[in-house]
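Please read through the structure below; I'll follow up with questions.
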Amino acid sequence: PANAIPTPTAPPPDILRCASMELVVTDLAASRAFYHDVLGLVITEEDEQTVYLRSFEEFIHHNLVLRQGPVAAVAAFSYRVRSPEDLDRAVAFYTELGCRVERRPEGFSKGYGDSVRVEDPLGFPYEFFYDVKHVERLAWRYDLHIPGALVRLDHFNQVTPDVPRAIGYVEDLGFRVTEDIRDAEGTVYAAWMRRKPTVHDTAMTGGDGPRMHHVAFATHEKHNIIAICDKLGALRLSNHIERGPGRHGVSNAFYLYLRDPDGHRVEIYTQDYYTGDPDNPLVSWDVHDNQRRDWWGNPVVPSWYTEASLVLDLDGNPQPLTSRTDDSELEVTIGADGFSYTREGHEGKDHDMPSWKQGEYKLGHQL
Amino acid sequence: PANAIPTPTAPPPDILRCASMELVVTDLAASRAFYHDVLGLVITEEDEQTVYLRSFEEFIHHNLVLRQGPVAAVAAFSYRVRSPEDLDRAVAFYTELGCRVERRPEGFSKGYGDSVRVEDPLGFPYEFFYDVKHVERLAWRYDLHIPGALVRLDHFNQVTPDVPRAIGYVEDLGFRVTEDIRDAEGTVYAAWMRRKPTVHDTAMTGGDGPRMHHVAFATHEKHNIIAICDKLGALRLSNHIERGPGRHGVSNAFYLYLRDPDGHRVEIYTQDYYTGDPDNPLVSWDVHDNQRRDWWGNPVVPSWYTEASLVLDLDGNPQPLTSRTDDSELEVTIGADGFSYTREGHEGKDHDMPSWKQGEYKLGHQL
Amino acid sequence: PANAIPTPTAPPPDILRCASMELVVTDLAASRAFYHDVLGLVITEEDEQTVYLRSFEEFIHHNLVLRQGPVAAVAAFSYRVRSPEDLDRAVAFYTELGCRVERRPEGFSKGYGDSVRVEDPLGFPYEFFYDVKHVERLAWRYDLHIPGALVRLDHFNQVTPDVPRAIGYVEDLGFRVTEDIRDAEGTVYAAWMRRKPTVHDTAMTGGDGPRMHHVAFATHEKHNIIAICDKLGALRLSNHIERGPGRHGVSNAFYLYLRDPDGHRVEIYTQDYYTGDPDNPLVSWDVHDNQRRDWWGNPVVPSWYTEASLVLDLDGNPQPLTSRTDDSELEVTIGADGFSYTREGHEGKDHDMPSWKQGEYKLGHQL
Amino acid sequence: PANAIPTPTAPPPDILRCASMELVVTDLAASRAFYHDVLGLVITEEDEQTVYLRSFEEFIHHNLVLRQGPVAAVAAFSYRVRSPEDLDRAVAFYTELGCRVERRPEGFSKGYGDSVRVEDPLGFPYEFFYDVKHVERLAWRYDLHIPGALVRLDHFNQVTPDVPRAIGYVEDLGFRVTEDIRDAEGTVYAAWMRRKPTVHDTAMTGGDGPRMHHVAFATHEKHNIIAICDKLGALRLSNHIERGPGRHGVSNAFYLYLRDPDGHRVEIYTQDYYTGDPDNPLVSWDVHDNQRRDWWGNPVVPSWYTEASLVLDLDGNPQPLTSRTDDSELEVTIGADGFSYTREGHEGKDHDMPSWKQGEYKLGHQL
């Protein structure tokens, strides 16, 4: 399309996986309590301004950085690459795209060696690193595990106005699309793309962007996710539960969405499927299929569609937002003029979408 | 109080447990498909007009009767009593209360011997039986179990206008209250009462009644309940999922509410606690506590409060409804003038009730 | 039979449930570490000599007492009764049986009021109490729960030489048999009997007695039991795992047997079935059925059959043992002359009992 | 070392993952019943001589081929490669190694296009393919899932006399070692190696070889594995359960070993960890660590060490076995002269290895 991001002639870095996110938080003690005391992420290292946390099966220094700052935002989406040479490739790739690129031999975070940060063509602060401090993999340390143990960082989710444009760029970066949400007119509402052979390392969600929609950690089993909810209830912190738990249509995973003390959204996620074959079949969902985002058809709460975190440029200032001009998923499904179905072709028949499936916006109009 | 149901001088029958419900359904094939093909209840016996089903750990003939009829309704809430003599006690107890009482030596359902049906003081069709045909307890038949195996009938839930009046009567009948929902002014919104040592054999929910709110079956584990949702999704029947899954505050059980093809509500339920000691502590919940009905604070969908099944008199005609005059739980919590809190005393502060916790009625007003 | 214990004319106390066990331990710090630090039982109260612990769903003061003493043994199997008057009944019942009976207004343990201890006709120290201090039921305190949370005391298991004789006595005490293990000649190897409507409050296992075979705590789900094993592995305490986890044939429950620092056996148990109806069907297992004790046919380790804890008389001295004269379950199944089958009638055919199912004694003979 | 297999100058094929195993079975109906009726693998296609089965999340034609034949054996360990060109690479790689190589444009199995089979330097029949028929991925078809649903082929396990020699060869083929079992003298007893980022696509177990030790399928959760055991019990097929369920030390996965009607060993496996980073830390286990193969220290049944399946050459004749000359894991651990510990340095102390942990061979000597 006309607005496509050009494909660089330089090869992309060989990305292994999403590896860490750096969150700027406005009350470090509150965020530390949420991610460590409540969710149980392990603190690898911390100082007055920063806390470095990891999941129980991780062997690199951290999967999450909490950094005290004036405005809640995301400072970096960090990917690990296969070799030190891939950092040179990242520099060349983004330089050719005309992006701002920074490289620091000592890394941008503690625990990292040489790393590269860029303001990518979509406005996101992407980071690449190979060299990293190894720490104890706590997989076997069941004496430390809690009922809701988070065992891996699974994926990022980004909000961007033009999803096909974003797909073109991340495919150039070496990602493959595994699933998407579309409509009959060809509008793409969201797409999931992977490097490691899971459903995704990141996803692009259509909306005003660049913003960070959520960061997701994996548990082993579904009961672990339920245990997180139960604990939040016991601590009278259930207001942090925004959506779920439920079963996704897209990805087939079991999920839960939380909001941290700054409103950053965290997903807890388990049991998607292997996608590592080059001909792994793309799964396309109809935006009107009421089971696409929740396989049980439970309504998505409006805030989940509308709220997301700011992202920072390399100077630490929030990136301005560009509005989505394509249709909004919320509006075409549960908004005043939208519709969804449980069984395609049964719209309006057979109790296909009873009141309890229509969601808050739809119901709101009826009151 | 002035309207109290008098305590009979005759002793009540010794009730063992809730044992079966008889549902009148308008499309027997559709209901059979729902309860047998989808939910996996085992058919003990059936004919043109009636299907008798049981759960996997049951050894009596049935826990559910589906009977073809003109209007969807509940024909009987059946309790098993300890001995044949308890049927005489039931007759005497209800006769003294001035209730209509019928007794049939051959029972009202197949598989039963002698039984007694009454129109109770609240207008509900209660049934009592002792003699029953034994069938194979399929507890060990894992070759027949499905991922969402229903293993026991757990409880009933009834809608009645005046909850304290209902409590007085069922206490006379030998039940004990285990939990309730109240407010600071003394209004009682709901109460749970038991014979067997679980949280309840039946519950009284304040509302226009007599109506049947739901019948509940138990699974062994939480993943069994999730499997039911996943299967409904796969069959494109997710519209039958009305509320949940979630964790109850009251009872501490994990739950799911479904609506059958006639709209009868079925709960799937697991993991409440032992209540068999005579001094088992009553747990009282504040109606404004947003975790009372869902420990995770997820909003209750309005239909769950407002819709329920008709019940039949002994001639098979629907009982007329009496309106609740006490405050409505829906109105005092999520209605226009109502409020709820996550942390008592934090109302309006600290993001105590973010938009995603306020529910559909509340949000509706904002649109 | 000739040796039957006579049925008293005095009615038995109305027993609610097994409620607590008092264990004498030789290293209180080690036992406290095992039951509290590792298994996570909650300490209600403790002093230099004694630790009182309870499970997460308990509201009475304790389910386990650890008392420092010179010889590892069981000082009391404690049952809760329905009313204070049942203590008088217990005194009368055991006095008529000619048993030694003690009554203490202040109870034998902290947290209890009036209680009665007896040396019962089988030689066991049984205790009865009604009055007890209430403490917080931690069912909703998911912030305190661990992955292997123990939620209830489920049952005791006693070793006694003559199982039918023991059955007669506990039936007089008001228990009902739910399952047993027999052979075609009529020998009874073990029996399970209940007051609360689960498979048992106690079981009688044939062997030299009186001894305590095990005390069992319940979890909610199977993964909780697996979590206990995983934690023991992480702490390099896997030597405490004696048998399992596995699925019982008898009771249909999922189980694990541990040995505490003194060798006292503790079972972790989940998901048996409701037995509260008076005509609950007895389940009898053939002693040669290799799935009776482990539904998966996994061999029972010999120590499980041969080792058990001493019990104390009311002076605190170990009771002498009487030898079993009936056949031993170990000998008739996996001993040199014993046999078992997977499919009755297939003995010796069709790979019915491959080497891996024959167990250590059987294999031992082949070496 | 002197006997090392030389590294070819030709690059290896780019292997994606273990993808299928072809088993020769002596009673096709019996094997079909085991893998399809009991374990629930889905039949993609079948004829008189052959059944092609897949797991619920697979999108390629099959993960298992059952072929009727005169002698139970393994005809192929099949790997999927990244591209058609990788088949040429496989031909060149093995030709340079002096191996017998066959290529068939139509594939060796139905559902495959072009494929290559070799008799590899260790004597195993390895197969490589890219082109394959796509079929429905049944991940979302929860209406078809059973309680013990097998969702992926996870790995192979091979028996070979000289583990370091095997490691050298498969590393040349592009595999990476993730874990191994060694002793202080440098003997290597087993090693796990991967292409996809799990703990392994295949493992090498020291013993007389070439033989197939087992093929492993994954479930989502631990309860799914327990459900398989429960079903086998219900069908009176528990004799097929050889070892487990348990938690592995190596891989940290939850496991179960079954034996099929021909004695082929099948593992059911869940929840190992991500290994995709190039510097993924090697985990080495001491052969005397009693938690290495079972994290709970439960004894390994001798048959698991000694029995394995024959493998076929490209003419369909069983490969002759070469004896292991290095120490045997069984002998150095639970054999007469072997020893194991729960806590290193505590051998013989502190009840470190009680009788129930010593296993059958050890106990056998004591009888």
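When the chains are written out, they are named A, B, C and D in that same order, and each has its own residue count from 1.
Heads up, the rule we're going with is that a contact is a pair of C-beta atoms (placed from the backbone, for glycine too) under 8 Å apart; a residue touches a chain by one contact, two chains touch by 3 or more.
The shown structure was predicted, so the numbers you read here are calculated from the model rather than taken from an experiment.
A.B. asks: Any idea whether B-D or A-D has more C-beta pairs in contact?
C.D. replies: Taking the two pairs in turn, the one with more contacts turns out to be A-D.
A.B. asks: What chain is the most remote from chain D, judged by the mean position of CA atoms in each chain?
C.D. replies: B
A.B. asks: Determine the centre-to-centre distance between chain A and chain B, using the mean Cα coordinates as centres, and give it in whole Å.
C.D. replies: 40
A.B. asks: Using the average of all C-alpha atoms in each chain as its centre, how far is it in Å between chain B and chain D?
C.D. replies: Chain B and chain D have C-alpha centres separated by 50 Å.
A.B. asks: Need the CA-centroid distance for the pair chain A / chain D, whole Å please.
C.D. replies: 35
A.B. asks: Check each residue of chain A and list the ones that touch at least two other chains.
C.D. replies: Touching at least two other chains: 140, 221-223, 230, 233, 249, 295.
A.B. asks: In their complex, what parts of chain B are in touch with chain A?
C.D. replies: 221-223, 226, 229-230, 232-233, 236-239, 241-243, 245, 247, 249, 254, 259, 290-291, 295-298, 301-304, 342-343, 351-357, 359-361, 363-367
A.B. asks: Quick check on the complex: what are the chain C residues that touch chain B?
C.D. replies: 16-17, 57, 59-60, 80, 82-83, 134, 137, 139-140, 151-152, 196-197, 220-222, 249, 252, 271, 273-274, 276-281, 295
A.B. asks: State the interface residues of chain C toward chain A in the complex, per the touch definition above.
C.D. replies: Result: residues 140-147, 149, 221, 223, 227, 230-231, 233-235 of chain C touch chain A.
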